[in-house]
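All chains are identified by letter, namely A, B and C, in their written order; residue positions are counted from 1 within each chain.
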Amino acid sequence: MKDRILAKTDLASFLDRLLKRYRVVAPVDQGEYSLFRPLQRGEEVCLDYLKPARSAKEVFFPQNEDLFYFIEQTQKCVEPESIEKETVLFGVRPCDLKGIEAQDRLFLAGAFQDSYYQNRRKHTILIGLGCESPEASCFCHNFDIDPRGSTVADLFCVPIDNGFYYVSVQSKQGEALAGDLQEAGAEHAQALEETKRRPLKFSAERIPLEELPGALADRFDDPLWEEIAMRCLGCSTCTFVCPTCHCFDITDETHRGVGRRVRTWDSCAAPKFTLHASGHNPRTSNIQRMRQRILHKFSFFKDNQGVISCTGCGRCVAACPVNLDIREVLSELLATKT
Amino acid sequence: MTEEGACRCDAEISNPYHPWPARIIKITEESAARDTRTFELEWVDPDHTARFQHRPGQFAELSILGAGEAPISITSSPTQPNLQFCIKQMGVVTTAIHQRQVGDVIGVRGPYGNCFPVEAMEGKHVVFVAGGIGLAPLRSVINYLLDESNRSRYADVSILYGARSPGDLLFKEELKQWGERADVQYYETVDRAADGYSGRVGFVPALLEEVAPSPADTVALTCGPPIMIKFVLQGLTKLGFAPSQIITTLEMRMKCGIGKCGRCNIGRHYVCIDGPVFSYEQLLAMPQEY
Amino acid sequence: MSDCETRLRQVAAELLSSGQAARVIGYGPGTLPERTRPVFLTKPEETIVLVYNEHCRNNLVSYLMRVKEEGKSAIVCRPNDVRTLVSLIQEQQIEREQVHVITFTAKNADSNGAQDAAKPALFDTLIETEVEFPPAAQAELELFIDKPGDARWEAFKAEMEKCIRCYACRNACPMCYCSECFVERSVPRWVGEGSDVSDTMVFHITRAMHLAGRCGECNACVEACPMNVDLKLINRKINSDLLELFGHRAGVDPEAPAALATFDPNDYNDFIK
């Protein structure tokens, strides 16, 4: 599988060619931010923003997923049509690719596999996109992430000099997409090396995350949590924009005897998340819920799924209405360990 | 949307959210308050009988399309012919189930969760301490132990059970049978007596203190209202039971039942995967958020 | 650091060191460019972090509800935040004596209503500032109102389609203090979960109705929204209706009765046919 190059000015036409064979999803301008949306035409792709305001998780784990439809009276149900057309997901930054990897470990591993996630995932080909410079909220340098490379993607495009992308072909499916692109020559490979050698400047220092699980385990009853949770509004913004958060709800909706069972995004930060039918609620305070969220993402998920449930994309930092900064929270938790 | 019709079989194998249809063949009113019923089910698809193999302590997500799902422990032992669920009416789904009649079809997903450590318990004495609806999950393992294919592998079996009033005692027919068996010590109590009741009166923890089982080579299994569990744990500890010798089963709000939705997460455990059966030793190591 | 911030820090430090306030709730520098964040200060030396600039985008009044049982709070309020505090006091959620209000007045108080007239309805400390929080343009509201019904609905729906039901708007709003929000109730389920636009519209319309006569146009909801939904659309329309029908503006007059909780024999009744 030979690597390729693609001129930035040819990106739209490359996507148009893909559109002839595939459904193509890519960042599309929404006015003040971009979101991953299906393209009608290649020129709709928008790379003006470093990354879309919400992560790539919604391509595989949408906010609303009809599990099946039913008739109440007969109690019979049918599933939605399975996916027929392959999708190409273009423009996924390494932080979001790492997010997909984390979600794969949750939805596709263990005693049960999530068939809805699996269906979308196996019918999607990933084209990753390297970063040229981080935003103030980015902190992927903490998570074993190379902003200019990822093996999760089928194709990975790194912007190199002279207005080109160096396209690493990393799978047979990637090869099928990139077959008509010009092969990369030695000079391009060298330009790639030079690009990768250029240091990237992050606004925050590296946090020693390896020390986290131990530090967090000791901290459960620490009064620090109250301080951390003080400004938190208890909304679900951080959870929803996050590439790795995966909590969901399942509810039945009916109208005149016909209905659907639908899966929707939920958040452990929501007050009623753990409420029992009896009225008992194990986590009644915002402090308990905030603690649960952080411990789950930075300790328990690692225990169960093998990776920390965070990729340093910084969306939570940017989107939080009260600028609750997870980087600061983690540093505080590490700093005061006894 | 495809045409209405029977559920697609190919989806059932790979789709973990798709309930399997089961017909209600018997409903037993368990409590005088008429809020607790045992539903006995039979699979609509005979294939499912062989494919749904559960172990004592596991639960299933019961589904009423239009109302939702609820996690209910399987009260029947795998040694019994049909699946049984003992359900207290509490919220939307359990109310919808209670409105069903014999012949109606409901959905079942499972079996989920871990199970009581019946292998590790072999050769030991087993003490059951149950209160109210807490007897329902324990009954699966009681009947498993008492089944003639298993009984000889366990030493003494004692059952301590109490309810608010005589009318609230569950599985009344079975309680009588347990009481009549030579190889079981059955003790019963009620919080308050009623006319015609001649048995013991008092709370379950008091009964435990009275019976005072020895912890030597013994495992204690307990389930009941939180307040009862609290005092039973204290009582067992006082009798010399180590936390690893005490087993209980947790109730938790659940949705997917398969460790994906995050709702039943406590510490590093998902109650639907690593539980609902936990030892007291494990509970002590978990955040007290259940 | 501006004069206004110097004064602010002085006042805050004074209030804490004299014991007049148990805490100061104000704005401190954020961790990202052009951001500030709520800070909760209990020691005089901490007040050095206080800032006041055009990046102050939260309404800190909502935090008062959490700490009202725990001694007097000094609170930094932008001019329209004061309106929400007035409404909370009118609704008997907060007592006047529980708060020391630090707010601001335009250095050159002009008459274009930029900060709701020169003097806010309520204050304990008034600091002059050049920082302005200009209200949303009247032209923008008129553009929306002038649309015919269908077009207005489409414009509203387009905004609703952006909403992801994170409830940042509701949680940022000091007037939303119900211990259980109607969207959290499942028996009966008033609103579906997820971001289906019809459910989203029910949520926002209902919330706007709950805010009718109470919304102080502090803009906290708009600033909180991660998806830049134009949440002020309906609230401004309702507020302008209330001004027209009842001569009422929320939170500008501590003595004025709540418009929708008061019966006046002179209320219009031409809807009775």
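Things to note:
Criterion: a residue touches a chain if its C-beta (ideal position, glycine included) is under 8 Å from a C-beta of that chain, and two chains touch if they have at least 3 such contacts.
All values derive from a computational prediction rather than experimental measurement.
With chains reduced to the mean position of their C-alpha atoms, the one farthest from chain B is C. More C-beta pairs in contact connect the chains of A-C than those of the other pair, out of A-C and B-C. Taking the mean of each chain's C-alpha atoms as its centre, the chain lying closest to the overall protein C-alpha centroid is A. Inter-chain centre distance (chain A to chain B, centres taken as mean C-alpha positions): 39 Å. Here the CA centre of chain A is 33 Å from the CA centre of chain C. Chain B and chain C have centres, each the mean of its CA atoms, that are 50 Å apart. Not a single residue position of chain C touches two or more of the other chains.
Contacts with at least two other chains are made by residues 91-92 of chain B. Residue positions of chain A touching 2 or more other chains, listed in rising order: 249, 251, 266.
Of all residues in chain C, those touching chain A in their complex are 30-33, 35-40, 57-58, 62-63, 162, 164-168, 170-172, 184, 189, 192-196, 223-228. Residues 67-72, 74-81, 106-107, 110-116, 118, 220, 246-252, 254, 259, 261, 263, 266, 268, 273-278, 280, 282-283, 288, 292, 295-296, 299-300, 303-304 of chain A touch chain B in their complex.
Interface residues of chain B facing chain A in the complex, by the touch rule stated above, are 1-8, 11, 14-19, 21, 64-70, 90-94, 104-107, 226, 251-253, 255-256, 258-263, 265-268, 270, 273, 287, 289-290. Within the complex, the chain A residues that touch chain C are 30-33, 53-54, 63-64, 136-137, 230-231, 233-237, 239-241, 249, 251, 253, 262, 264-266, 270-272, 317-319, 321-325, 327-328.
Of all residues in chain C, those touching chain B in their complex are 186-187.
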